[in-house]
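The first chain written gets the first letter, and so on, giving A, B, C and D; residue counts start at 1 in each chain.
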Amino acid sequence: MTILFPKVGLIGKHTNPEVQSTLQSLALFLQTHQIEVIVEQHCAQLMDNLNIRQAARNTIGSLCDLIIVIGGDGSFLDAARSIVDNNVPVIGVNRGRRGFLTDISPQALTQLLDPLLNGAFTEEKRFLLEMEIWRQGKKIHQGMALNEVTFYSGDIAKIIEFQVLIDNQYVYRQRSDGLITATPTGSTAYALAGGGPILHPSLDAFVLVPMHPAVLSSRPIVVKSSSTVELHLMPENLLHPRVSCDGQLHFDANADDRILIKRKAKELRLLHPTDYDYYYTLRSKLGWSS
Amino acid sequence: MTILFPKVGLIGKHTNPEVQSTLQSLALFLQTHQIEVIVEQHCAQLMDNLNIRQAARNTIGSLCDLIIVIGGDGSFLDAARSIVDNNVPVIGVNRGRRGFLTDISPQALTQLLDPLLNGAFTEEKRFLLEMEIWRQGKKIHQGMALNEVTFYSGDIAKIIEFQVLIDNQYVYRQRSDGLITATPTGSTAYALAGGGPILHPSLDAFVLVPMHPAVLSSRPIVVKSSSTVELHLMPENLLHPRVSCDGQLHFDANADDRILIKRKAKELRLLHPTDYDYYYTLRSKLGWSS
Amino acid sequence: MTILFPKVGLIGKHTNPEVQSTLQSLALFLQTHQIEVIVEQHCAQLMDNLNIRQAARNTIGSLCDLIIVIGGDGSFLDAARSIVDNNVPVIGVNRGRRGFLTDISPQALTQLLDPLLNGAFTEEKRFLLEMEIWRQGKKIHQGMALNEVTFYSGDIAKIIEFQVLIDNQYVYRQRSDGLITATPTGSTAYALAGGGPILHPSLDAFVLVPMHPAVLSSRPIVVKSSSTVELHLMPENLLHPRVSCDGQLHFDANADDRILIKRKAKELRLLHPTDYDYYYTLRSKLGWSS
Amino acid sequence: MTILFPKVGLIGKHTNPEVQSTLQSLALFLQTHQIEVIVEQHCAQLMDNLNIRQAARNTIGSLCDLIIVIGGDGSFLDAARSIVDNNVPVIGVNRGRRGFLTDISPQALTQLLDPLLNGAFTEEKRFLLEMEIWRQGKKIHQGMALNEVTFYSGDIAKIIEFQVLIDNQYVYRQRSDGLITATPTGSTAYALAGGGPILHPSLDAFVLVPMHPAVLSSRPIVVKSSSTVELHLMPENLLHPRVSCDGQLHFDANADDRILIKRKAKELRLLHPTDYDYYYTLRSKLGWSS
């Protein structure tokens, strides 16, 4: 029998002891299926089986045919940004609180993994955002996000003032705590807490969600994912706002900086078991069933 | 010189006296430009110039090369549904309160119309929704909407209970006053008052907005415009909800009925002056500039 | 031993078969405690024990020392309005869906009732609203509400336009689906679905919650319970809005009518077990614990 | 004629040049009315008339019979906290953006001031909040706020987790960006942007508004102003949240700290011209008139 994924990479939240045991049993399971296992190096140090192959986070994607992430959505976001450029498919095993992205429970892991390794899965493309900060004509920072880019007052409960342009068209000037630009993937995360809508993952769109806007008639706007968003911090602004990617990468901005946000060309390949049901996830995570 | 639109149809809110004077001067202006004018018959009765050509609302679209609607967004919605099947372009002249759709002011009318009749315009496609009510396997009602299809308790401040399916997938069971399904065009109308997001007109998407949902974690969902929405009123429901299209057409539903909502194949061809700016309209209509 | 409540009245949702069995066992329990039981007549007809004393809904409050309501919050609201003028305390036994008001579960009923009948309870006052509709100087309708008075478009998904005055001061002119005026008791019911805040039951205040307001900067306003609210339907209004009390009593209004809403002098005396915890109820009913 | 306010203190936003000219003409106006003028020392340095009496911000309240603040609501909040303990009445002259508190325009200043100095005014009491941070049984910080106390993640777009108790009763455990506790005065400021209700200034109540709560069914809660709110940052929390008073005073908190918020005993005495209309201010500031 052909092995669909001859090399499988494992990435986990290595500070979580429950992740360690899942990693251990998962590595064993894969090896008994003649699959070569490569473990992200921080995780590997915590495994008993020290002769397992290791790789750095930024190279593991290029070495594997499949990546399995064990942890919460936070771990998944972090891993996703590392591997997206390698075009390698990824699945998420839930060891955290929620789990929109990590939809396989560790209890059912080997049971679900068996058919999945044999080709019984559905593949979904999830796009990311690219963010760049420009100062006096030079790009000084860049980052990417699977969930959202958040532009916000890094200072103390103070409002920032900025302009929003979409495809070079002036949209509005806003005084607020900041602005969340979220992908469909991120629409069920921080943007939702900010009053944003849920965007179906198949949508080629992202949403701009103002954070505590001073103008009460401000509303989230959904635009095509081919749009370029530009945020321009007013020159007279005395605060030093920040830009965050997935709440994990953080960058400082100054008055008069321009922040560009657009869709990244390479997409994440997310695998689900064949019985994956997006709306079931929504219902259970958002408490709609009660 | 070639005449781009040899026959122009005029439709207006004939109960509004200001519309009458605009109609009159508009007809004259067009005639002096060698354009044949056809007036919707209810409007025509109120014009002095009685020898002008008339047509019924449901045929005027098939006779003309361009339709001009004079009134508010309500008049425009009504006209749009009548002519969408004729593939005739339409422009809206504002004589009402708001005016997301009727973006030409009557003061600037002839000034703006001159270049527009000579080809200086941008054309935008706006899609509509089709709605069908099915009872025991038979389609008993159908309608269409440019803004939104609203499913709601026709009775007295009482909650209805229904299931929502998207593309035959179960989404949720909801107890609420009803549900608004809005196009991008309708996203700045009633759906916005219900807490829905703004959808850019270029998006191939519509949004489901729950009305006063009993479950507080309910949120608007944006889905692809190729989706089919099915609303299934619970069989045990004692109330008689209604379905409304654009707040103008109204249909009764019963317990156990199924309401289907999907994108209409034919789209509306909406013309704008070349300096049309969607975000400017947003800012001014929603009071963002203050 | 003195009997604290010598006569206890039972009111229930007589169409619910589960209520019948609870009624039956509750009557027996009370009788074995030397308490005279009086059953609301519609409920009595459904009980096996036909020689039990009966009373009409509008007199039962005057005959008893305590009223027990078995059902959901809907049954409780209905009963509360009938007995509030009799100054008789009431407790609610939950047989419905939610149960902010009916906080005793039928399983624990006799166990909880024993100490309560012996004086181990806390008493809480809950105020009601009085509503009057005035036409050309005459009061044409009146009603009362424990939860909320809802003024709304009785017609078909159409907006009404009205003025709001508080203590004769002009507040605003609003175009919306209507306005909810809710007591603290009602603040966790329909008003909450409309975006209103939770008002602690001890507050001498009520809240005005606009329903789908056209002006996006509209917000709920909390005012002192000694305030008088006046809603004035604009004379040019063509629709026939309705006023509902607790979603159970319904009244028609016309253009130019004035609706007055103020606090009712007599309050409801609501008894709770001594371990009653308002915030626990909030957490469990609103799903905050998850 | 008796002089009602023999000594008047002037406090202004001294960095604003327009404030300087208003200060100058106001001082002159008062002096010609035989009123002794005392100017806050930072302001005084910017006035031409250098022989005018000066006082430090923290003593000016004790020296005067009336304080006039020239600036925006920010300047007013700052001044209000300095003088509230002196029981001296205060009026606000608008030189900033909004102006819920500074309701006299500088154009109309002397015209409005004349009757006001002669006793034609209404006095309104506005209460403040006291905030204390407790660590291991010791009070380490304290502050006060006229608008709101904001407890929030001082770190980078990261959620904090804390418990809320009201009058020692457990309310909920929340994961969010933070929590705003706002007075009626503050209910039209930052709390409003967070989705809080408007509280009429006469209400003895304050409101707790969650900031971007992870649990979507979280809602603002209004409680009696005699309540004590306790926020307890979970011990396992790795972030260092902050507490801000009126967005102007800032304090650091640690994991396991307890933040206490309650009503301050001394109230601010706010004077208005006799034609002051709270709802007019609401309508104009919140754009309800359009």
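One rule holds for everything that comes next: contacts are C-beta pairs under 8 Å (C-beta built on N, C-alpha and C of every residue); 3 or more make two chains touch, one makes a residue touch a chain.
Here the structure is a predicted model, which is why all the values come from computation and not from measurement.
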item	value
Numbering shared by both copies at the chain D-chain C contact, with half separating same from different	same
Approximate Å spacing (C-alpha centroids) for the pair chain B, chain D	47
Centroid spacing, where centroids are CA-atom means, of chain C and chain D in whole angstrom	37
Geometric centre distance via CA averages, chain C-chain B, whole Å	40
Touching two or more other chains - residue numbers and ranges from chain D	192, 195, 215-217, 219, 286-287, 290
Overall pattern in which the protein chains touch one another (line/ring/star/complete/other)	complete
Chain B contact footprint on chain D (complex, rising order)	215-217, 219, 287, 290
Touching residues (chain side chain B, partner chain C) in the complex	150, 152, 154, 156-158, 176-177, 190, 192-195, 211-214, 216-217, 242, 244, 247, 250, 286-287
List of chain D residues in touch with chain C within their complex	166, 169-172, 192, 195-200, 202-205, 207, 215, 217-224, 227, 277-279, 282-283, 286-288, 290
